[in-house]
Amino acid sequence: MSQGLERVVRLALEEDIGPGDITSQLVVPADHLSRAEVIAKQDFLVLSGVEPAALAFRLVDPEVKQEWRRAEGDLVTRGEVVCELAGRARSLLASERVALNFLQRLSGIATLTRRFVEAIKPYKVRILDTRKTTPGLRALEKAAVRAGGGSNHRFGLYDAILIKDNHLAVGGIASGGIARAVSLARQGRGAEAVKVEVEVTDLAGLEEALAAGPDIIMLDNMSVDMTAEAVRRVGGRISLEASGGIKLTNVVEVAATGVDYISVGALTHSAPAVDLSLEFLV
Amino acid sequence: MSQGLERVVRLALEEDIGPGDITSQLVVPADHLSRAEVIAKQDFLVLSGVEPAALAFRLVDPEVKQEWRRAEGDLVTRGEVVCELAGRARSLLASERVALNFLQRLSGIATLTRRFVEAIKPYKVRILDTRKTTPGLRALEKAAVRAGGGSNHRFGLYDAILIKDNHLAVGGIASGGIARAVSLARQGRGAEAVKVEVEVTDLAGLEEALAAGPDIIMLDNMSVDMTAEAVRRVGGRISLEASGGIKLTNVVEVAATGVDYISVGALTHSAPAVDLSLEFLV
Amino acid sequence: MSQGLERVVRLALEEDIGPGDITSQLVVPADHLSRAEVIAKQDFLVLSGVEPAALAFRLVDPEVKQEWRRAEGDLVTRGEVVCELAGRARSLLASERVALNFLQRLSGIATLTRRFVEAIKPYKVRILDTRKTTPGLRALEKAAVRAGGGSNHRFGLYDAILIKDNHLAVGGIASGGIARAVSLARQGRGAEAVKVEVEVTDLAGLEEALAAGPDIIMLDNMSVDMTAEAVRRVGGRISLEASGGIKLTNVVEVAATGVDYISVGALTHSAPAVDLSLEFLV
Amino acid sequence: MSQGLERVVRLALEEDIGPGDITSQLVVPADHLSRAEVIAKQDFLVLSGVEPAALAFRLVDPEVKQEWRRAEGDLVTRGEVVCELAGRARSLLASERVALNFLQRLSGIATLTRRFVEAIKPYKVRILDTRKTTPGLRALEKAAVRAGGGSNHRFGLYDAILIKDNHLAVGGIASGGIARAVSLARQGRGAEAVKVEVEVTDLAGLEEALAAGPDIIMLDNMSVDMTAEAVRRVGGRISLEASGGIKLTNVVEVAATGVDYISVGALTHSAPAVDLSLEFLV
Amino acid sequence: MSQGLERVVRLALEEDIGPGDITSQLVVPADHLSRAEVIAKQDFLVLSGVEPAALAFRLVDPEVKQEWRRAEGDLVTRGEVVCELAGRARSLLASERVALNFLQRLSGIATLTRRFVEAIKPYKVRILDTRKTTPGLRALEKAAVRAGGGSNHRFGLYDAILIKDNHLAVGGIASGGIARAVSLARQGRGAEAVKVEVEVTDLAGLEEALAAGPDIIMLDNMSVDMTAEAVRRVGGRISLEASGGIKLTNVVEVAATGVDYISVGALTHSAPAVDLSLEFLV
Amino acid sequence: MSQGLERVVRLALEEDIGPGDITSQLVVPADHLSRAEVIAKQDFLVLSGVEPAALAFRLVDPEVKQEWRRAEGDLVTRGEVVCELAGRARSLLASERVALNFLQRLSGIATLTRRFVEAIKPYKVRILDTRKTTPGLRALEKAAVRAGGGSNHRFGLYDAILIKDNHLAVGGIASGGIARAVSLARQGRGAEAVKVEVEVTDLAGLEEALAAGPDIIMLDNMSVDMTAEAVRRVGGRISLEASGGIKLTNVVEVAATGVDYISVGALTHSAPAVDLSLEFLV
């Protein structure tokens, strides 16, 4: 189990439970036992967040029994039971909200990702996430993207080289800049094991990038036509990633241009939560 | 400054920067100085997240100069400069994404809240948030709701008593249950300083609750008509909160019933991020 | 289990055990097994701290068996066995002092609280604690007050509104200040779920407060006569809390005035430790 | 500055402030500036806790100005100003209770220690503390003992060897046990730099201990007469520490026996808080 | 500044200073000011660890003035002053050992790396580190390798794909295994941004790997002759890394084979500390 | 189990695994079970690090079964199986490197210590470590020294008094300084339980120290002849520790002088890692 996972689940429990669940302490007997179910309340829901939700239940009370009927990445429909729980009623009530908050947000991301993936199924392109994730939840949100059928772009600033306009600008690198930046990156001593990607915004930039020879070229906010032209010029020599302003409504025409990757910030920064609830049986 | 704030900003920086920003280390000189601006890229944006964003810049490099031109809660329009930054280019590049992630999510919440608040302006009702917040970000998200003109419901399980159906069910409290639960809560020794709220789902429950005398009654998932009837029956004796399934499209008719509060989970669990970016000047 | 509890118990173990119990390592064989008992060494001892003490034993060695013969809140007499332990002698020796430090301090608080509660039994008043707690132990000390039969005042600055003289003074709120402060608090957007309490020091302040209509009025350092007059004037319309300088020697006459609550800082800031020890059987 | 200090002060601020000081946010303007003083409200108060109190003010708001008029260990009298503060009123209100909680408890320990030290002034004996400290505050409480003129016994299980009855019992070391235990400790490889102390409860044990040759012998719960006899027998060859049941009322006669050290658990486990308050000037 | 850096420096200070530097407290006046210098005590020392050492001095006392005369990566000779310090003597004494422990170990790594880099200068090959680093210090040790002129292999299990024998074995992938594993890795959804490396131990494996087309092939524990043959067969189509048992005494002949990278575990797991000391001037 | 141990193992796992082991996720099925062995790959290896290695395996996956065939401190030979493991292949692969990094470094220290201890076996002297340990690993490295047959010098600045030249210099203590410093230390109130050691660099200093009467005298960087003369002059009245520049090649002649302790910084700052590996059986 990831160390970071435990840290974020503990943080969430601390902020919700604080010094204690005063309602349950006052109106629910300490030893009352209950059974409860996590149930999907909407159609077409891709499940994600099983691990942090399970950990929330367990950290509050290791004696609560959990039977997960659906797994990470499963497609679930309204009314289906996702998980059966049994244990002290106070423990279930104390962990309910935190567990659901993880499940609802992460399944929201997996579900939105799945919609994009379904949309572009006829094409060989892959859907990528970005670094526009919720502070503290990156690893979980990137796992949710995978649960939805998407692929992960880099995890952070440390595991891939991505040269953007800003790097050229602030690096004082003017004309011929891309070539020099790629060359600096390739000769640098810090990162033999990682790929080099370059962001370009027009076809002139594309030509420069092609000459420099990175592993991937990102086409930033290009029109569909320009993207198609870029694919034609590159001719498969280098992987191409379309990025910027891509939504469910236009992703298919971007996919049809033949790019290798489409990255979508909204997967993690704007996915609405899905509807799941915890219902007590006794 | 809240201790919790620092913890969550450090966590976000850790997950994004990890062992280091390899791109900048390779292509940007260590001492290169830059200026940059945080700029709004959409209309009608209510700013929130200034404190964590400012802290992210400061924790990465205390020597970066920050001039915030807009304050928490300000309404900002496309093209406006929110903050001016000056300092080492590498520091700006390393903190950019984390600062923007805070600003974009929290301003998204403030902006959505503001839309609800604007919609119900003619009525005396207040818009409340819920505990359906992002794990780890509750205090920040509740501050964002205030920045948008909303009010905060309880922060967690520890600072108000809210008796729900589940408490009655699992507590083995059958008919006459609400009265007994409220009485238990009132006589309990754990919470002299907090209010007691009871959730009801129909008019029979409302009558029971009225008799028990809590501080607030929550009308859970009631139709607009039933809500109006509830308001009529209570006649101002106890505060009423409408909750469940309330959206921008139906909030006005709920407000028109005369309830005191409307709580909206979507404020925090489904607000889309707003569009803000960091642009380098040199 | 509360996340905060684990943090404070780990902290206590760290500071006591540090890099290791050098005495036991040198003179006690690693696998030697022992049995031991926690025993009360004084009469009239109200037990508290069971949870952190049990956790201290468990964190040092999950294989130590614990049989708690007395529960949180029980009244225990000299010579009674509170808990039976069995396991590695080194583990018992390493956790002994930390477990006892929790039990002795928290039972001290519960015991002192119980003395106050017994003293005012003929009256309907409740004994409240304050925020004058040991840094880091607030939740545990407030639980100890409940174990002793007392009630909890607010947990911190976040879960109730308490308007004191200082707020009026620093807020630049002069005459008519209480009314304005209560009104600000009531209209504020930050705290729909919490009660509003106002501190007054004389009868003029009381009248002002009465007019403003808070949920509770605190009578700060008033004489018994003035307290009685305050109770008379309020006539049950608003809850009253007596506070300041109240001891076992004068609590009964304060209770006799008819106030609803008496808050006592000494419960947590000056309770002497009770006498408990760990005795090895073999 | 000790790393542990910062951790415990942050913990105390977290538990008191939590998600925010809702009273001040509602009734005190954000930029209102104030001046305030920490004032002694009782006579004969030995100040301790300056460092954590100062850190509490600073962690809440680094811009608050602090002028400490009295230093750690100073004897302060009713009405004296200990510290002058100036800064945002909200910051002062948010840090007030935590800073006072540190000062009141730690000064309580220093003050009680000073009473013991004054009492035994005619004798060469020193007053020692024990490990019966508040969980999480050991280093601060031991500093408070020094501030009061006392000396520190070991900090934890790691920095001195103290062989007690329990070690002999659980170690399966029967007659001749002390000699064997001291010998094990002396030959052990774990602790060349630390002293070896042995606890004895009667004169037979004392003779055994004398023969074994530890650095210090602790006379546990011995009568004054037996203590005097022990001093006579040892004749200055080894340091002697009297321990167990020693109070202000009997410390002088114990001191008069000629022991080198007197250890007093009550210094840290039962010192009442002193009276200090924060008063706002504007 | 990296968040992880601060964590490890605080940990090191905690373990060395603990509850306080008792020697200095007893024999050095609290306000005594001193000047001191960090001085190289050996020839051919490549400096590394400047950032953690500087942070150690600053965390103990932010008022200590530091003038670093030599920078990260500089070659320093016996007797040269690396850093000048001025401030409270107690602060310098309390931070001395931790600062030196960082400098001595990390400069040891940089120095050993530099020896390897100098040895293979005539060749185009680069020296890489491994994941055989000291627990808790990976980022610092990898920076030390860069300071010595080496390059970094992957930082952890998360930022590059490296398929070893064990993966093939435990994956139940028998003959044709490399091709299948590379294909799984390439089609996987988790890692678009990273390179794929395959470990082979003989020429048959090399041929399989060549057919599979990874980004890098690691030649594990091959003889120099086999390595040379591998270089010949690959003919520059894919990068080659020699790994296993490479020392200063045989690194040149490995380099002469024409491989692209040579990875050396000893850089981080067996580099002896260099000799540096802190000398007080007054 | 020490709290600090868990912290450092978690830190090591975090830095190695980060957001996840991408290779295993891609090429090893989630439920594939394996068996593996930790095997010694060199002769004369003293095992240390069993506890952190076992904890690393357990924290990654509590269901992995561990059978340790060799214990802390055992002498192990090439080819011997140290530990047998069984469980999910992915778990074994994810914890392998961290567990080995602990074992290799700590066994390296134990092994080097054992060489010193063997070398001086004919003499009564003991081998001590120093504070020149790896940041974050002190407790583990000191345990490794004990595992190798060595003894521990002080753990940090807090558990013994060691007066060095620097203390005399910065304390403004000129001639007669040692006596005054020892006297200050002896009279100080902070450290009754710890020993006082004084460092001297020549025979004049030795005479001064002898007169002052510390518990131990450290002979810093003295020649063998001068050391022998020091032993002669002291005549067993006070323990003597030789320190500075002592290696396997000269330790025997230092031991022959008759000193009580020899402290060796290289035990912890320059011990090469031993060779151990994890081999998969299926």
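Brief remarks on what is shown
For clarity, chains are labelled A, B, C, D, E and F in written order, and residue numbers in each chain start from 1.
Rule of thumb we're sticking to: a contact is a pair of C-beta atoms (placed from the backbone, for glycine too) under 8 Å apart; a residue touches a chain by one contact, two chains touch by 3 or more.
All figures in this text were calculated on a predicted structure; none of them were measured in a lab.
By residue number, over half of the contacts seen at B-D repeat in one listed pair from C-D, D-E or A-E, namely D-E. Look at the CA centroids: the one farthest from the centroid of chain F belongs to B.
Distances between chain centres, each the mean of the C-alpha atoms, put C farthest from chain E.
Work out the mean CA point of chain A and of chain D, and you get 51 Å between them.
Inter-chain spacing, taken between the CA centroids of chain C and chain F, is 44 Å. Chain D and chain F have CA centres that are 32 Å apart.
Each of residues 4, 15, 17-20, 138-139, 155, 158-160, 190-191, 194 in chain F touches at least two other chains. Interface of chain C with chain B (complex): residues 126, 128, 146, 149-155, 158-160, 189-195, 197, 216, 261. Chain D meets chain C in the complex at residues 4, 7-9, 11-12, 15-29, 32, 34, 52, 89, 92-94, 97-98, 100-102, 104-105, 108, 131-139, 155-163, 166-167, 169-173, 181, 184-185, 188, 190-191, 194, 265-266, 269-270, 272-273, 280, 282. Note for the complex: chain C touches chain A at residues 1-4, 138-139, 142-143, 155. Residues 10, 13-14, 17-20, 59-61 of chain C are the ones touching chain F in the complex.
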